[in-house]
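Working notes for the structure below.
A, B and C are the chain letters, set down in written order, and residue numbers restart from 1 in every chain.
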Amino acid sequence: MDQLLQHFANTIIMGGTYALLGIGLTLIFGIMRIVNFTHGELYAFGAYMMYFFATIIGMNFFVAIAFAIAAGMLLGMLLEFSLLRPKRGADIDTTMLIMIGAWIIMQNLEHLTWGGIAKSIPSPLPETPLVIGPISISWLRLMVLVIALLLIAATYSVINLTKLGKAMRATFQDSSTAALMGINVNAIYTLTFGFGSALAAAAGALLGPVFVVTPTMGDLASLKAFAIVILGGLGNITGAAIGGFILALAEEIGAGYISSGYRDAMGFVIIIIVLLFRPTGLFARAERVG
Amino acid sequence: MNAQVQVSAPILAVEHVAVHFGGLIAISDMSFEVREGELVSLIGPNGAGKTTAFNVITGFQKPTKGRVLFRGNALSGLKPHEVAGLGLVRTFQRTSVFDKISVFENVLIGLHRRTAPSLLGTLLGLPRERKAEEELREQAWEILRLVGIAHEADEPGGSLPYGDQRLLGVALALAAEPQALLLDEPVSGMNASETARFVELLNRLRAKGITILLVEHDMPMVMGISDRIVVLNYGRIIANGSPSMIQNDPDVIAAYLGGGVKHA
Amino acid sequence: MNRYFPLVALVFFAAVPLWLQDQYYLHTLVVAGIFMLAAMSLNLLLGYTGQLSLGHVAFFGIGAYVSALTSLGFDVTVFGRQISVEPWPPFLGLLLGMATAGLCGYLIGKLAFRVRGAYFVIVTISFAEVVRLVALNWVDLTNGPLALPGIPPLTLGFEWTGYVTLWGKAENYYVVLVFIALAYLLMKRLVQSPYGRAMIALRENETLAVSVGVSVTKYLVLAAVVSGAVAGLAGGLYAHYIQIIDPMIFMFLNTVTMVIIVITGGKGTLAGPVVGGLIFGLAPVFLRNYVGPEVQWILYGCLMILIVFILPQGIVPEIERWFNRAKPDRRNDAAGQEGSSVLALARSGRANH
């Protein structure tokens, strides 16, 4: 029982970051329909930027997080502008191949820049964990959860409550009509990709101090993000948030009760099962696949 | 033109078919029959549900209600390729040909239904399969000559003049050995001489005993060639009879004039 | 000339070990050949049916592991039951690896083709990752990250002829060359038969293909089985040649290598994977003196993007067009006719991208 409670606590902590990762990708893959293999690299980029700003430059921990997120946004916008804008309207395979190329380049650039040795980012929070009854949670992870939830709430508000969010939804529903209505469609594409990338970088900046930062950390992150998006239904922000927590739960259970080696397999098993039995995701309205 | 057709069993029967897209009703309740050897036209203003009817008949669209019978067998639940496999073959309004593939290869693809090579024989390059392939090529030439585009056999389908592309679409469908052929606006965009050529082709097909169901806006052509005309409006059949009956039907006139349709 | 070109190429490559004695170069050619074979199998799915399988390394790895394990023999307990397998002759292992990979192709084909496009890609990646994690964690069977060493090299011959064990590079070079030639012939016969036409039809316009009676499931699954089996064969050859494999064989980068080979050479052409395989197989020979592996990968990534931007059809179709341009162009006659000019413009516009 105690163990179960601890698993649930871990689930909630991890789920917050997964949700962030998933929401970022649901904007890009779900709404823009770009199979974005660089999502994990932006996650890794966020982590490295966090390392750069917090550890190398020695910025305040929280300011460094903000800077890392901003850097992720800029890089995302640059990617969209340079690689995707010229090929807008191309078929999905074309953009997919471009994104695979970009992913290889980014990962190896990280390797080249930072070396293959894992980097750790010290945190200013107390080392002793917070103990509530049978559960123990590190302060750092708790802070990660809080920031992740704040970012999720902010994203939700931007998409659903602001004019910008409305312009985004209009653009991806019918870009030619949106253009006629005076929306700068190109800017919205770049901005949305940047927004999604910023969320991936945020997840990296938050988890960087929890784990260690390595050049290949993005590989699994990309695939997990796809699992979350598929679980939640394409373009469904609430679905992606819930999907993040479900993936975290599945991993906790997989690691705790099957074998810790299979923790990372859970996401893939979920992808396969969901796509085979409910291809529109668990929370999707009726939407056709393909 | 209305050759008296022997009263024969219906080759195709549409029974109380309804199609709803969410709240939108594309077809509310449609029943009609096509008899062996007949040429029936399905007409109606734009959005009347003609193409949807084609989609239902050929298995591309599941009806909300009702069923389609081909030679007395219900087609419910069959996939499009299975429907084609029974000899009920259609053409499309827009995507009518494989545009990057040569005209000849287009027809070879259409001939798919006529070959059943063994996989092993194919991989081993057995003489039997080579001979079958040669026969297939001969059949492809025959179809191209029948349709009249043999001189363009090496061109990619998409580079053909528009009228010839429609002919290639028909050639593709013919290659699939149809017993009943469903043509979706085959002469739209053709000029008068191309249309006349197409009517000739239709007559040749009828002579071969192929039953034809036609969706078309070109009224002079429809009136001239059809044995019977079924008129759809707002997803319902409002008239069903010989061309002369249809031309004088007050409901049909109202539908066309009231609908303000330019094609009539 | 085009007809005899593959034969000329075969003779040329068969002669290579006669003048090339350098073991490193021969080794590079053997590995290049193995990846060429894998890329040829991927080309059937990616090029001819138009389905981008990004889990292709799973078939390769499964072929490698099955072939390696059966020729090493193993003891493993599954659900409380002890399974012991005595070592098999490596060639039988190779065939079994091929069959297993083909069977996986069948299962993945049956399941994954229910979803298309991006979803298909993601299911195939997931499949490969699950297989990788099983190879990593099922230590009793696979030795996990500690790798599976001492895989016997292939042996040729029968009881009544005596056996020859292929230890040398040149011998392995010929084995790989023979398999490439066989695979090429097999692919050629397949894609130029009604089977291949059906696959191409599905790639070009699924709705239209289906309307003339082409079954989507039948042909996509067939392509997946053949593709899986050939990839499994390549994996088996790799295992017996390198003689040690570990779960890194399932790296996504290996799939990416196959994809780059196919895309660069020309997807949906028989010669594409061969040309691409030579380029990327031999590139490390030239690059290794100047740059490290990271820069090499960065160059590959750039090349992939460049190809998509400037040569989306790949090298082989470009060369073919170049050859055809020398011949008198009959196409101009048709373009002059009424109605086709717009389409012709649209076509040439597309070709220019």
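Convention: a contact is a pair of C-beta atoms (placed from the backbone, for glycine too) under 8 Å apart; a residue touches a chain by one contact, two chains touch by 3 or more.
Small disclaimer: the values here were computed from a predicted structure and weren't measured.
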Reference chain C; chain at largest CA-centroid distance: B
Chain occupying the most central position, where position means C-alpha average: C
Whole-Å gap separating chain A and chain B, where each centre is the average of the chain's CA atoms: 50
Chain A and chain C, separation of their C-alpha mean positions in angstrom: 32
Centre distance in Å when chain B and chain C are each reduced to the mean of their C-alpha atoms: 41
Residues of chain B engaged with two or more neighbouring chains: none
Partner chain A, residues of chain C touching it in the complex: 50, 52, 111, 114-119, 121-123, 125-127, 129-130, 133-134, 136-137, 252-253, 256, 259, 263, 294-295, 297-298, 300-305, 308-309, 312
Footprint of chain C on chain A - complex, ascending: 29, 33, 35, 83, 86-87, 92-94, 96-98, 100-105, 107-109, 111-112, 219, 223, 226-227, 230, 259, 261-262, 264-265, 267-269, 271-272, 275-276, 279, 289-290
Complex contacts: residues of chain B adjacent to chain C: 58, 60, 79-82, 84-85, 89-92, 95-101, 105, 108-113, 115, 117, 119, 122-125, 129, 133, 136, 152, 154-156, 158-163, 172-173, 175-176
Touching residues on chain C, where the partner in the complex is chain B: 186, 189-190, 193-195, 197-198, 200-201, 204-205, 207-216, 222, 330-331, 334-335, 337-340, 343-344, 347
